[in-house]
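Structures incoming, each one as structure tokens.
Next come two complexes built around chain A: one with chain B, the other with chain C.
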Partner chain A sequence: MTATLTDLLQLARSLHDDLDLTQVSKWKAAKPGRKAVGHMPIYVPRELIHAAGMLPVGVVGGGDRLEIIRGDAYFQSYICRIPRSTIELALSGRLDVLDGMLFPSICDVIRNLSGMWRMLFPDRYVHYVDVPQNFDPAVGGQFWRRELETMRDDFARLSGHPVDDEDLRASIAVYNDNRAALRDLYRERSRRPWVFPLSEVYLLLRAGNVLPPEEHTQMLRAYLRQAPLDSSRREQDQSRVVLVGMFCEQPPHGLVVTLERAGCSAVDDDLLLGLRWLTRDVAVDGDPLSNLVDAYLTASASTASRYSPDGDRARWLLDSVKRNSAEGVVFCAPSFCDPALLDQPMLVAALDRAGIPHTEFKYAEDTGQFAVIREQAGTFSDSIRLWSTP
Partner chain B sequence: MSGELLTAGVDVGSSAVKVALTTTLDVAEAPQAGGTDKNVCATREKIVALHAERIRRRELRKVIADCWHAALDKANVSESDVVYVATTGEGDLVEFRRGHFYGMTTHSRGAQFLMPQARAVVDIGALHARAMKIDERSRVLNYKMTSQCASGTGQFLENVARYLGIALEDVGPMSLNASSPEAVSSICAVLAETDVINMVSRGIKAADILKGIHLSMAGRYVKLLRSMGVTTDVALTGGLAADVGLAAAFSEKAREDGMEMTIHTHPHSHLAGAIGAALWGAYRHRVLERRAEIAS
Partner chain C sequence: MSDIQKEPSMLLQKRLLADHFDALARAPEEGKKVVYTFVPGNLNELVRSFDLLPVLPEINALQSGMRKLSGGYIAEAEKHGHSEDVCTYVKCDIGMLRKGNIGPTGKRLPKPDLLLLSYTGCFTFMKWFELLREEYDCPVAMLHVPYQADGRIDPHQRDYVVQQLRSEVIPKLEQVSGKKFDEERLRSMLRLSAKAEDDLVWVLESARNVPSPIDAYFGGVYYIGPIFSAFRGTPEGIEYYATLRREIEERVAKREGPITPDGQLENERYRLVVEGPPNWTSFREFWHMFYEEDAVVVASTYTKVGGLYDTGFRHDPDHPLETLADYCLGCYTNLGLPARVALLERYIRDYKADGLLINSVKSCNSFSVGQLLMLRELEQRTGVPGAFIESDLVDPRYFSAANIKNRIESYLQMLDQKRQSKVAS
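Our next item is the complex of A and B:
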């Protein structure tokens, strides 16, 4: 890939803005018979979809460019926005390009959404991915293996392409490359956030929802090479913060820009966490399903929608703060997000005990006014730099 | 300038760009009588150059560049002499900045530098007004804003001056000469502007109209301060701090409301944001230098 940095970012921006999934349509049209399977945020085993010759497509709602007309009829007013905008996308035909849809067990709302999907689109493949919350290999491990086997068989039927072990090993290797590129990006961003600003990193993450993983990895590697060559990226004196709570409903791009302009440099976050769910490579040799099970049980990211024994989530957050030399934590969760908001008090208490500054606010994917968030993030950043610094 | 830190503050407002260059020097003072035998470290801060320009529909990046170079010329220094450029306001367009501070943080610092007795600040800009309660180290303890309505802002006063055909710099002195101020709506800029048009057609003197507007605006600020429990020295900053009529109306309104507060202004009050940014920049420069020393 020889695209310039500007080209890369423009492509990422256009993919982010494209609610009609034009990229997916193009991919399918390039070879007759190709199929695409959508999935909601958080973890799904994309390797299985890829191994069946299909394109995994991350579906993250309609963002701030979709007017919801029909979607509101399906959910009460106290439900977050991503399910209603996802329904809106589907009912307006924008998701017709998807041949199937996976709903991982994020929360009750997304589980209910999978049921609605079955009723609304009875002719399409729908599967509720019941990820285990028990991490004992003999219990959760066996359960997860059965779930993976079911999906492997389903995807083989859907694609008309049997998924053998060699296919799956090859796909695991492709996703290992992608995860390694993401790890490199996060490590470099933490080291030099002014070279890899979150406002760009976020667009590149979003591109991973619709691009084939091989292309996405190339895009990430090209960005890692080219961004440091841009001499206009000067070191800024900003507060180093960890962002928490954005693992499912995604914030509007303007919010991310606002945080940076307010003086906060994100050095870690949980945006589109599903892309980085497995924190290490999955073993390629041996039984691929066993390797996927083992990676899930032993190397899953810690987040509110995954069960963690007492204190484990807080330790994960404190470790991120320490590892990234962060000076504070910004809890930035979608309104009505049960997992994120129910988790927050325990994390806040842990930060208070450790003396780590934090601030909290909420957003919706279509939030358009950022003045209050800017004020809050700006004063938070100032308070860290001027009053928390020894 | 050895031992001194030269820092800059660039305040990009909605109607003007302001630049301040300041020097900061750590000095060891003599032991205090009756105190410890250790020398007390203090900081000597000085304004080196100030420059402000109205934007007046010009390209903002050019106004920023013009202002920046004019301030450097005034101080007779070069860009490389400045160890930290801090922005405030809408400072995103200042690509050569090192750090950005929020407006409340910088106005508090700048106000207290200019008027050390201040324990509250009212910053009145073109599009907003906000009141801040601060401590003796310029730390913001509480704040209130009037951002939802334009009637307490400089833009509103500028519109009124235009209706009356009066130059903005004449508004304050003229208001001081009012004999019978006319009350205007203090709630909504649209209603207040309608009031003004009616007053003009009724032949009310411009001085009385302006004083009425000043009293109406001052009434809003007094309410903000009262809600935060401020009863002490208040510094005015922002573009309207130079309006002597507004400052007088502020004192009058506070007295009327039985509040024992003193309203302070300074010839550089409108530059308080830029001055505060430059001073905080010096602080941050020292912190970052210390960190680099420890790391090495």
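Our next item is the complex of A and C:
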């Protein structure tokens, strides 16, 4: 392994572990007047924040390294973990570096969290990002364009930097580069998962939450170049699996490592899906807002929180299994995650019809005991290798 | 417990519902078409204007809860892989379907000819109908209603809903019914809606009287039954609310308290505002806990989930699609938390409440997330003490009668002490 690869992974790990968002503070301190806007999962049009000269910052809760002191007092026991740790981060001052916060329409929890934010932090910019569930350009498209216009104007006011079409085109190009690098990473990982193990890929994805997109793209490209040079990475006798359900509350890194140790090689996943929400480049020429609208309507990722008008909930999963030559699917959803858990029976039924093996378990971002998961995932992986392979 | 005292409006409602479920049971043989849809943001007038019959799965689920059937239905759904973590209305409905789809009156419910997915105030609705779509071979009309995060309706939100009504909902209703959209017929139904809404608001606001002639939560769920379900915009709805209003007018004139299953409440000691849905599996037992303490609920938010009328909204026949859009956008759980807090604050003040009780239900994140903060905020703003209990909609495993009773009694004792210390000072 080269020192550079080690450095890269160490940086990614330190960004993952940094609950105080020091990277964001440093970025802001580098130039007076800089501002940063946080956003919850899954999708927000980060291009608009970037075009206003601000840093988009993905906020995904506190993971397994944050002691919840005040956050639990705001939520009943049957609510998932991510809102309570996010509130904890905010009440402990760790999110003070953010000048605004966006809450996308993903579920009722994140939706209501937006209202809690307004009540707890009345002086901060808060916006609920209401993405359309109607994908007709003249209907949902028109609505989404108006939402984008509102955000563009809000961000211009917040940053003191008007957002013109050229700014936006430039930001779209920056994010196209980032999306292309992520697509390359996922493609290469699917080809050779032993070269790009999930435990590393996940850290690199997390870096995209806090790094400027230009730097994140460089990091991804460097990793794509350097990981294959490490001769110690050899093909292993592991099962190729697709991971489903982790698009919002994130698993602890230890869980990801556990899956690998249990013999599961992830060849596709929905971790931090917002970074890869748009599955193709956004057109750069022409009206940039129209291009963002078109990309949202026609090239969004399929996931539980997005309505599927065609009536085929599981097609994207079956496609992923086929495209990535996966041998099975691991459903790992956060406890109390309505979208993922309500989706699961439909996906399971489709896998059963297609004869694709699957297993299911739940986690929380602060899950600390992995023995049961390791046993279950290991048994699943073994069963695939022993019984499913011709 | 004694036999329930039934007023004419209750008997009328019972007959209306029985007739409706009979009509549903006969629908396949009579060639009538059926639309499944949800209570919040329901488009009853529009559906009825095509001579289609509505089925509301939440109503079936709550009826199953009240009839002690929901536990078995939920177990059935969980047996088929539905998580224990998710909404029990959904699981109750899926379980009921798997066990033959027998409705509240013991008759089989017809299959839907259309799933009208009104995505109002609750994300789970979308998943619910995606799940039902897997079971039925019928079209789905999706109506995405944006969220009032800022507590107001922006023109582009209204336009979005209206455009969906024009391009998605109405064409599918035309397709299923084989009839052309008749705007005049819709207008005439909306006129009836507004009249019934006037009477409903009068009834709900009668709780400003001391003593209150109604219980606006436990009794309230009966009062909203017809207008939140199949009877908004119908002559039967008008008749029900006129009858109800006359009854309450009489009670106000006689300074009588509300009728409860245990008889009339005669000595109002506590006036409460309640946030959150009721528990349905132990509904009567839950109500009894209030009755035996002489506690009356004078305002509730649950009675606003299918339409928020007491802030002035009425269906407007002059702008038929726009008014349907405003109705959908304005349902209680579609409001941002600050707007919900403002409404509750108004209720506490306007209805001279002694306390605020939140019944937080496990199944409903749309209601529940943020309620602890709402409680604190409202205590601060009004000085009225709050209490928090937890239960569920239709999962009997989550109703702990002893705990809830204990908490309610302790809370009311605390209100007493507060009163006494006020008098003493």
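Please note the rule applied: the second predicted complex is superposed on the first by the 385 of 390 C-alpha atoms of A that agree within 3 Å, B and C clash if a C-alpha of one lies under 4 Å from a C-alpha of the other, contacts with A are read in each partner's own complex, and residues count from 1 in each chain.
Keep this in mind: a contact is a pair of C-beta atoms (placed from the backbone, for glycine too) under 8 Å apart; a residue touches a chain by one contact, two chains touch by 3 or more.
All values derive from a computational prediction rather than experimental measurement.
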So if we stack both complexes on chain A, do chain B and chain C clash, or do they fit?
-> fit
Please work out whether A:Asp382 is in contact with chain B alone, chain C alone, both, or neither, and reply first, second, both or neither.
-> first
Which superposed partner A:Ile69 touches (first chain B, second chain C, both, neither) = neither
Regarding the shared-chain residue A:Gln236, is it in contact with chain B (first), chain C (second), both, or neither?
-> first
Partner chain in contact with A:Ala354 - chain B first, chain C second, else both or neither | neither
Between chain B and chain C, more extensive residue contact with chain A = C
Answer with first, second, both or neither: which of chain B and chain C does A:Ala371 touch in the superposed model?
-> first
Once the two structures are placed together by chain A, how many degrees is the angle at chain A between chain B and chain C, based on Cα centres and rounded to a multiple of 10?
-> 100
A:Ser114 contacts which: chain B (first), chain C (second), both, neither?
-> second
Now for A:Gly263: first (chain B), second (chain C), both, or neither, which partner does it touch?
-> first
With the two complexes overlaid on chain A, what is the closest approach of chain B to chain C, counting only CA atoms, in Å?
-> 20
Touching chain B in one complex and chain C in the other: list those residues of chain A.
-> none
Chain B to chain A touching residues, read off their complex | 84, 92, 95-102, 104-105, 139-140, 147, 280, 283-284, 287-288
Which residues, counting only chain A, touch chain B once they are in their complex?
-> 232, 234-238, 261-263, 371, 375, 378-379, 381-382, 385-387, 389
For the complex, which residues does chain A have touching chain C?
-> 73-76, 78-79, 83, 105-109, 111-116, 118-120, 127-128, 130, 132-134, 136, 138-140, 142-143, 146-147, 304-305, 307-309, 311, 313, 335-339, 341-346, 348-349, 362
In the complex with chain A, residue positions of chain C that touch it = 80-83, 85-87, 90, 119, 122-124, 126-128, 130-131, 133-134, 140, 142, 144, 146-147, 149, 156-157, 159-160, 163-164, 167-168, 336-338, 340-341, 360, 362, 365-366, 368-373, 377, 390
